[in-house]
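We just call them A, B, C and D in the order they show up, numbering each chain from 1.
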Amino acid sequence: MSDDAQNDPPKGATSRRALMLGAVGASAIVSIRPALAQTAASVVTCEIPVPDPGRAGNYIAADGSLVPAGTHGAFAPAGKAFKGEDVRIALGGGQLPGTSYEQSRAYTNYIRRLQSGTSGFTCFASLQMPRG
Amino acid sequence: MRHVFSVRIGPVGFRIGSDWRAPIAQLESLYADYPAPRDGVPDFNVRLFAARPWRRFMRPAVMIGGDFVLPEAAPLPLAQGLLAAEMGMNLQMALGQRRFLLLHASVVERDGRALLMTGISGAGKSTLAALLGARGWRLMGDEFALVDPESGAIHAFPRLVSLKNEAIGVVEAGVPGGRFGPLLAGTPKGDIRHLVPEAAALAAMDKPAEPALILFPRFGFDPAERDVLPSEVFVRLTQASTNYVAIGERGFDALTRIVKTVPARAIDYPDTDSAIAQVEALWAAL
Amino acid sequence: MGGAVKDGWLLARALRTPGNTLALDSEGWTALIAMARAEQMIGTLAYRLEGLRLPETVARILADARTSAEQGRIAALWEAEAARRALAPLGVPLVLLKGTAFVAARLRAGEGRSIGDLDILVPRTQLDAVEAALLEAGWEWVKPDPYDDAYYRQWMHELPPLIHRERDRMIDVHHTILPLTARIAPDAEGLLAASVEVAPGLFVLSPNDMLVHAAAHLFADGDLAGGMRNLWDVQCLVEQFGTRGLDDRAAHHGLSREVARALRLAAALYGEGTALNAADRLYLRRLTARDGWGRATRPVMRLGFYVRSHWLRMPPAMLARHLWTKWRKAPKS
Amino acid sequence: MPDRLYRMERPENLRVAHLDSFTAVYHRNSGITHLITAPAPEILATLGEAGMTFTALRETLASAYELGDLDDAALAARLDELVAAGLVSTA
């Protein structure tokens, strides 16, 4: 255990510190996962939200850019994230499940423009990686 | 393979084999001033090959192979063979690098101290690194920061700077006299053009630097700046790393050292001039 | 050993006699490393060559490979522990197979070995309960394809693959070591009954059964992909445990021919050598079909062994239906 | 629920770095990094290597801290998470 790893006894013995146990469904642990999908399977099952939850209020224009909600000709966010396998098919000319042709094109364009740091990027990057 | 080119970028040696001459000729020209792999033994192999023998000639399409591969990717047209080679090298690093903690970040250096820029790309980290490289900073890399787990120092990986779309014009204007590769139009990532790092960057590529500042730049917003909590830095850097989980405890030690000792700021910027001013101000205030 | 050898024998000889690599030039090292990576044996090679005076770059690449293998070992054992916990309430002993078994039992075959999925063996009668327990503990189906799923369930010796939703690791749950469609039916209950506990709640097959499994996997199931690594396992097991009682055990499972061939080929590649027949030589040609870029070579021979592997696993009519269904579903390219 | 004994993972199997309201923990037996936040670090510190039963843990936490929500189900959920991550073992 490293030097700063001592399990300090609870501080503030004089005035007790407040502590919440949290809800049953909550979590006090975040486990770090690999940023790049390592197996073929996780490429197939990884997910890409459209758009990124950080910009969930936006619509997706035909060219894949994000525009204010309600913009004419743009599409509302997808209800649920797409699986890597669905996206792979769509990138190959197919259509995303539960979307119209134009809507699928817009979403696919959005996915193509995903940048590092955006939710779903590592899934998309994994999909693009070549097979040898 | 028919055509072969070997090169060393910082501490990493590559051997690239190709079924076609053209991509190798481009690599030879753009990487002309780089050294060969140490001991003649590359760390990684990249292969550019035709999916079927006749696809060498008919509608030639470049498949990317190598020591490390991920499933499912469309081949690229031969005209984009240079991009295929670059993608192949990046892929080997992303999947195969185990000596260094690999951070998806651009790095520039001044006075032996390194500035890391990571997070969202776009007109972000490659552009800023290229422009800073022409303004008195040493370009250490536009794609990967290599963190030495033992010393905590950053090693340079000054591959060709990869510029996309609008960034091409910005850097062409900002780096007059820069050596550029051919314009690769209409790739899956848009238009791409490569910039050869300056001679000084190549001459010093074996010199590591101490990390001094981490920036999370965001393009397209009014200028703003905020502190980033250590735990947020920690998580963002694990997600900016392709090998954090794979290198285990050494990665944890390297990362916690960075998070605890290197200041981190998020900056928003409306244009690159503004970004450079913000960067210089932050650096001066260190 | 000069730069002349340009197929898998380069790797085999380096593993058999590590000191011979000292004669390699840079081209030879480059080829050896590429081949070892392609055969997923770079970690094995790294441990085998540890301590030799190697060129600095080579030494560094191999040191990285050892680190990588060590991290793989940790992850594999943790995955086994997760499965043990998930199945503990069922009272099903967790019998590990292949790579995870080798590292759990600290066998020589496990040194530096790359480990992908977690392979476990459970009683067929418990298959449904095991499946339910794994789904409950966070594993999910990898693919929703109905044909593959039905095919697995009806004919294979394992559940369709599952992946853990948080750890991104796959588990293969076997109830025997060959597909039910194969013409040979090993004694699965016997495998379980003879298994050995190597850590609290973790079991591995007996050494002879490990050899039988390796041979079955190689010759009666797969298309020889990964064969060099598989035969290295065999060679390590033979060197570590000997072959006492192996003939009887192989005969008991109906795999005498396969086990004998595995021993001959392992000895040819990694041991003292032995008398080979014409078919053995064909197998060795296929097993060593690899070039200095790590590329698969001898495509016609590879195809032959691929078709053969399906032939062994399925009656002809079923094979035709299988290939037809697969072909129709294949993407046009 | 039987009153099982809960124990913190042995310190030599952990590397710990306090960041802010989160603590980064590398678990050597799994190779997995966890970021943990209240009340997980407090539970770990309270259990210690010697460990204690669920009931004892609840009592100790309640006397050491001003618990805003003393809920057995929530405490059990926190412990389950820690056990799943390997940071706490049961005996």
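To be clear about the criterion, a residue touches a chain if its C-beta (ideal position, glycine included) is under 8 Å from a C-beta of that chain, and two chains touch if they have at least 3 such contacts.
Because the structure is predicted, anything quoted here is derived from the model rather than measured.
For the pairs A-B and B-D, the count of C-beta pairs in contact is higher at A-B. The geometric centre of chain A is 23 Å away from that of chain B, both derived from CA atoms. In terms of their C-alpha centroids, the spacing between chain C and chain D amounts to 39 Å. With centres defined as mean CA coordinates, chain C is found 34 Å away from chain A. Multi-chain contact residues of chain D (touching two or more other chains): 15, 17, 22, 28, 31-33, 35.
Counting only residues that touch two or more partner chains, chain C has 71, 74, 167.
Contacts with at least two other chains are made by residues 30-34, 37-38, 92 of chain A. A complete topology is adopted by the chain contact network, contact being made between every pair of chains. Only residues 116, 140, 142-143, 161, 163, 166-170, 331 of chain C touch chain A when the two sit together in their complex. Residues of chain C that touch chain B in their complex: 25-27, 29-30, 33-34, 37-38, 55-58, 60-61, 64-65, 67-68, 70-71, 74, 293-295, 333.
Here chain A touches chain C in the complex through residues 31, 33-34, 37-39, 41-42, 44-45, 85, 92, going by the rule given at the top.
Within the complex formed with chain A, the residues of chain B that make contact are 47, 63-66, 69-75, 87-88, 91, 94-95, 104, 118-122, 188, 235-236, 238-242, 244-246.
Residues 8, 11-12, 14-18, 22, 32-40, 42, 44-46, 48, 61, 64-71, 73-75, 77-78, 81-82, 85, 87 of chain D touch chain A in their complex.
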